[in-house]
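Per-chain numbering from 1; labels A, B, C and D assigned in written order.
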Amino acid sequence: MSKKVWGGRFEEEMDALVDQFNASLSFDQRLYPHDIRGSMAHCRMLAKKGILKDEEAAKILNGLQEIKREIDRGEFSWDDSQEDIHSLIEAALVDRVGEVGEKLHIGRSRNDQVSLDVRLFLRDCIKNVIQRTEDLQRTLIVLAEKNFDVVLPGYTHLQRAQPVLLAHHLLAYFEMLGRDKGRLQECGRRVNILPLGSAALAGPSFDLDRHMVARELEFDAISANSMDAVSDRDFVLEFLFISSVLMMHLSRLSEELVLWSTQEFGFITLPDAFCTGSSIMPQKKNPDIPELVRGKTGRVYGHLVSVLTMMKGLPLAYNKDMQEDKEALFDTVDTVESCLIVLNRLLTGVCFNREKMKQAVERGYLVATDLADYLVTKGMTFRKAHETVGKMVLYAIDHQKELNALSDAEMKRFSEIIEEDVRGWLEPLNCIQRRRVPGATGSVPDGLCPG
Amino acid sequence: MSKKVWGGRFEEEMDALVDQFNASLSFDQRLYPHDIRGSMAHCRMLAKKGILKDEEAAKILNGLQEIKREIDRGEFSWDDSQEDIHSLIEAALVDRVGEVGEKLHIGRSRNDQVSLDVRLFLRDCIKNVIQRTEDLQRTLIVLAEKNFDVVLPGYTHLQRAQPVLLAHHLLAYFEMLGRDKGRLQECGRRVNILPLGSAALAGPSFDLDRHMVARELEFDAISANSMDAVSDRDFVLEFLFISSVLMMHLSRLSEELVLWSTQEFGFITLPDAFCTGSSIMPQKKNPDIPELVRGKTGRVYGHLVSVLTMMKGLPLAYNKDMQEDKEALFDTVDTVESCLIVLNRLLTGVCFNREKMKQAVERGYLVATDLADYLVTKGMTFRKAHETVGKMVLYAIDHQKELNALSDAEMKRFSEIIEEDVRGWLEPLNCIQRRRVPGATGSVPDGLCPG
Amino acid sequence: MSKKVWGGRFEEEMDALVDQFNASLSFDQRLYPHDIRGSMAHCRMLAKKGILKDEEAAKILNGLQEIKREIDRGEFSWDDSQEDIHSLIEAALVDRVGEVGEKLHIGRSRNDQVSLDVRLFLRDCIKNVIQRTEDLQRTLIVLAEKNFDVVLPGYTHLQRAQPVLLAHHLLAYFEMLGRDKGRLQECGRRVNILPLGSAALAGPSFDLDRHMVARELEFDAISANSMDAVSDRDFVLEFLFISSVLMMHLSRLSEELVLWSTQEFGFITLPDAFCTGSSIMPQKKNPDIPELVRGKTGRVYGHLVSVLTMMKGLPLAYNKDMQEDKEALFDTVDTVESCLIVLNRLLTGVCFNREKMKQAVERGYLVATDLADYLVTKGMTFRKAHETVGKMVLYAIDHQKELNALSDAEMKRFSEIIEEDVRGWLEPLNCIQRRRVPGATGSVPDGLCPG
Amino acid sequence: MSKKVWGGRFEEEMDALVDQFNASLSFDQRLYPHDIRGSMAHCRMLAKKGILKDEEAAKILNGLQEIKREIDRGEFSWDDSQEDIHSLIEAALVDRVGEVGEKLHIGRSRNDQVSLDVRLFLRDCIKNVIQRTEDLQRTLIVLAEKNFDVVLPGYTHLQRAQPVLLAHHLLAYFEMLGRDKGRLQECGRRVNILPLGSAALAGPSFDLDRHMVARELEFDAISANSMDAVSDRDFVLEFLFISSVLMMHLSRLSEELVLWSTQEFGFITLPDAFCTGSSIMPQKKNPDIPELVRGKTGRVYGHLVSVLTMMKGLPLAYNKDMQEDKEALFDTVDTVESCLIVLNRLLTGVCFNREKMKQAVERGYLVATDLADYLVTKGMTFRKAHETVGKMVLYAIDHQKELNALSDAEMKRFSEIIEEDVRGWLEPLNCIQRRRVPGATGSVPDGLCPG
């Protein structure tokens, strides 16, 4: 077992099992570049303020850079007995530069250090997730443009409702992702606040220049209360929530991909390269990717619940429970990124079966609303028109016809005001084109590039 | 059972049990002012666009106002057989103004109508919750000012760590609430988008003026995609999440109120008027309010999980599952508001026992960090100083003394560089005043009005 | 505001707002029959032990019975200012029988009283839920029997996999419900333990006969530790979890009902009386019931999370947070019961379109596994057979035929060992009948009455 | 990329990224002993039924044993390109024994195979967790016996309530763990059902002997419906729930360990070997272990939510989403086991400060209930006695005395019936010993070995 950074007051060595239970190195090691970057900024500031001599600072900076280089290249020999990445790097530093390395921790605690590291890490992740989200948005636009004349049934309650453009349907997801992006950006601003300089909880007794550190690390602001700063995990929760909603959106898209690739719907064909088969049923070609994305939604929800539960009722300031935030955060980042990437690539390869979609639009009385609207334009009240068309639908079902296929006489039987022009009125494409109000399905072609 | 707004196509009457299972009137009735306000705006726009004649619109507007007045005054006779508040108000309107009332629903569906109502409702709630949050922030500042010279132990791991100002401790919550407020404001902007004009899912076939409705209802923008607009519940989720974090913050404050009012801590006395006793133990005075607030945290978390689960994997566009968002939202609004109000009033009456806090600061070696810092200012590396003081603490525990009570000789035994000036250095108030870096406990008095 | 049962030690009156925040009467009033039943048993025991005189007990019992009768009949005048149902009934008792009523609470606390009441309540609920579950199981069997010769595609990944009997499919839900029932019964045994006699937390100082009370209230056992007994909510959690899994099962069934009633699947027609329409689209007939059941799954999950969160980290023994268990429990009971009832009635009216199902079985290469098995019976290894059939499927897709429609020559091209008898082998009904291993789809008709 | 077990029907190679996204080998490899054990049983049965020749079976069995041995010894060379542990072992088998290895999968699918593996795995885990739970129960009994005469305040609402025995307090946790154990055993019975023989979803077309396999693998029963069997994850959920409640219990114990080791309570001293210090504050000795256990409660709750969410609304039968159950399960098993072990070892080393506890019992009017009971034994009604003592407590607080310290005259002022004997009556130990009803704190010494 390695020497602890806090050993002086203890008479017994730590129990080996406890040591392992307690340690976070196995997962927080991925914070190393952020930890080193933060330490370098702290070191420079200590020198600037005369707390470290310039030559001391130079040695420390060199040592840190060397450690960074070694880890980057996979040449670093990890000391698994260290408690966490912070202790590990400090120990490696002292190894390399001697006693002067022990001066680095002046005015700092692991409490503010870990918050700094996670904020630096998360800041990068948010940028990546935003980019991945935009990639997916772009793909949706490309697909919408390529298929701008494809019509399919719009559904409510999974029942055919009204004809819509495929482009309109796809761009609904564009909107959802846009909101996700907006939330990520706002979260990013709350992440981008420097906690360093809060020390353990009360602030440091040294005259540190927090603004200098903030500038060097490109933070927008410094935290305003040290007790809050070391025990605040709002930014982790916020990212987990935004990710949960993002995954929820992807789960809806995935559900539709699964539905649309069934034999029954047949609206799309998934590329072989994105499907798997069965070890027993030779004909199977399964939409594993959207299923997994849908399933992983639960995973991200779970992480959100985990950290919400963990934070509930904790007194100020730092408590060890908070160490549990990291694995939830890391796994969420990895899950969301990979889901966005994989789904994006899958979508690019999807083949839309426009003929199947067209056939679907023609069955199921999707133009009933337009028939009612027709009656309204001829002067009937909306409620009466609705009822009249309801009866026509019932009649049509009984006679196994679509509305369009009713004869003039049959139509007149329900209302005298129905005339010749109803035929054109009920053409699905006309139904779509009449819906030109901003946001409606007929408004899409004009506004295809919402970004 | 009442006549449905969609009955035409149906041959059987709805099963009574199903009717009840399906109906939302028992809880969505609280949306009535929002429903009526939205309908009036819709009506005016229909008239402006010539879809309704002016006299038709006038009748409808009068009818709606009358209904509103009756409900406000408790004089409205509720028809419990109606499915929801939208159907109820339409039926009441037709009752009053006759067939013309049936024209109001032109170009509109309950799908966009319910989204409109909930957005109007939530917009108001967010304003209220922000105000309640600011009230609590104000109380914290008042308490901080009134007690600006009170010192208590700052804790980490619930172990005494370093002396801090009570004001600093209280203002940590000010910061948390500030973040909550920021999130509420951002959520408010995403709520404030007009969904009306999306109709069932594809948009209306009538030439509506959505911008006019948006202006009248004071919305910042109109929704960009009708399929998204009728099936988007992000804004509900976002409010539930923000409320969850807000409750988490209150649960931490509550935990501290519970702890501080124990016999063991004794830092505060709660006002009798905010406590309850026991039906069996005559001496009991229980901190029920903070306990309940802490417990209600779970309730709000639960609502968040509920709606996240509900939305998972739903295909476009509207599905009936989404009706389940409302009770979760309403209960969250009520819970958060009442917790903020009650906690605020409780805090106002709390008596801080400064003597007890002072005694607590004097026991538990809270100045050990400052002693290490002292050694660092005399030239020792931080790690060595830390270890030296660790040994001194161990010695002090063995001899049942505090660090301040060690004699010069005892101190020197651990390090020759300790001198006379260490005594003043270790005074708790000095420890605090040395921490003047922005955000540290010693920086508080200067910046008491953070708002 | 009413007089509290604990007022003696308090100098100030309770704040009105706090009173309301704190009170549980608005929801715990539904516990009244259980509260009165428990009080009567307690009273009889006190008399038996000589702690109450017989005539005192008689007065109290009469008073309690009278109160019960009044509430049952809706004649009771509720005093809304009471804190909870326990205080309310005690106050009503003293009103009726005078000071002797104040003796009822000897050796008892609200802490053990509320646990008793909830256990009595939940015991009944569990019985009801079990019965509702059995009702649904029975309906599944009746449907299976009525449709014993209906074949439909079995799906994995929502892709057609192999032909199965509709009966087999339905009975999968029978199994799930059977496990739910098993869990409910086991939970019922843990509920059925008497907590009364634990008093506030340490037990009563009077010589009570807990076993007598247990016998009278038909409990299986008495709780073994008073501190545990007053702070145990495991039984609530367990019921919430079992309900969550039950709802999950119902959500799967509901999902299938929604899918099957789409135009695309068309496997079932839902009865009009269980569907709703659209306020705007006259043709719509929506499967609201299964959608709502699916959506309410989130609601029950949410309650589980709520109570789990609430209980986390509470020190012994009773804490006020625990009051939050009741609304979650009550709403879960109501939700689960109504979902079971409504779904059961809906299922009874479902019309299965066997022709549509048959057609679906004939498209999609569902017999591919059987073709591979055929090759295995002729001596090929399974992996080779699987690959061979995979290639045949590919060929068949390219030529837009089903496997059965390949000519002998075409078949031989893939394997010489395919012979004449393959035709019969691939008949869907034969595929099913070959699966006679217990639990397989072909084993169903023999074992239709699994109960 | 390795050859898939389902490749025949596919024209394109799987996308590398998808391959990785899709693969479960990185986590399901820990199922290898269970996978091999299941395969061996399946193989023997195939031979018994004449589906495999004896020499074929022998080769396969040898091959499987060899693979097992290699993995056990760390000598196995893992083919990371394999999709999952099932494919990997089949491929390794064919590598070793040739084409005959391809016959092993006859009558089996990965759908029933993975359910089998997880059930075998979980069966072992449940046994381990039960044992760990019993270990902790035993420790509680040992501690109760060692400290059988230690008295401490019993708390409700974290306010001192009544004196209790430390043994009684500790044994409350014994009861909770006992319920956990009961639930684990019942879950174990539902786990112990053989799913193999369900094949993909419809059952195998070969004449397998499922009962033989069940006997060999020591299962109590075989699953009754193949479609249910391959898509049932109830047993995973049940284990996650039971673990959640178990963790909730541990979180309560942990909370008390944290509280009791504060300077303020001072009831216990934690062993150095189980605590950590601070990198900045030399005096700190933090109760990291109980804090971590408390924090990890959220982690297990999260996994439960994750799998509940994942299962919601999935149609029959197997869907790929279900692959997400494994990491949640594995991490829960590891978390629960390590928490039980570590907490058990920590408890063994805890030092109880009986003097501190005794002092705490003497302050805070803990005997007020007994004083009220005293008045009741002298004939006062309970409510009056409660109120009288409430007033005495108020008086005592004002005069800064405990109840015992009131003079005879002072006492008489509140009630004439108070006499000399009240002094002994109010001795804490007498208060405890009067509580002899089964389950009460005074009943403990007699029943110390509840097991």
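Here is the rule we use: a residue touches a chain if its C-beta (ideal position, glycine included) is under 8 Å from a C-beta of that chain, and two chains touch if they have at least 3 such contacts.
Worth saying up front: this structure is predicted, and the values here are computed from it rather than measured.
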item	value
Repeat of interface C-D, chosen from B-C, A-B or B-D - more than half of residue-number contact pairs shared	A-B
A-B or A-C - the one linked by more C-beta pairs in contact	A-B
Centre distance in Å when chain A and chain C are each reduced to the mean of their C-alpha atoms	33
Distance between the centres, which are taken as Cα means, of chain B and chain A, whole angstrom	23
Interface hub residues of chain C, defined as touching at least two other chains	5-11, 105, 111, 156-158, 161-162, 199-200, 259, 277-288, 291, 294, 297-298, 301, 304-305, 308-309, 312-313, 319-320, 369, 386-390, 393
Chain D-touching residues of chain A, taken from the complex the two chains share	4-15, 17-18, 21-22, 83, 86-87, 105, 108-111, 199-200, 271-289, 291-292, 294-299, 301-310, 319-324, 327-328, 338, 341-342, 345-346
Contact set on chain C toward chain D in their complex	5-11, 94, 99-100, 102-106, 111, 154-158, 161-164, 168-169, 171-176, 179, 182-183, 186, 190, 197-208, 210-211, 222-232, 234, 237-238, 241, 244-245, 248, 251-252, 254-256, 259, 294, 297-298, 301, 304-305, 308-309, 311-320, 369-370, 373, 376, 381-384, 386-391, 393-394, 431-432, 434-443, 447, 450
Touching residues on chain C, where the partner in the complex is chain A	156-162, 258-259, 261-265, 277-288, 291, 305, 308-309, 312-313, 360, 363-366, 368-369, 371-372, 386-390, 392-393
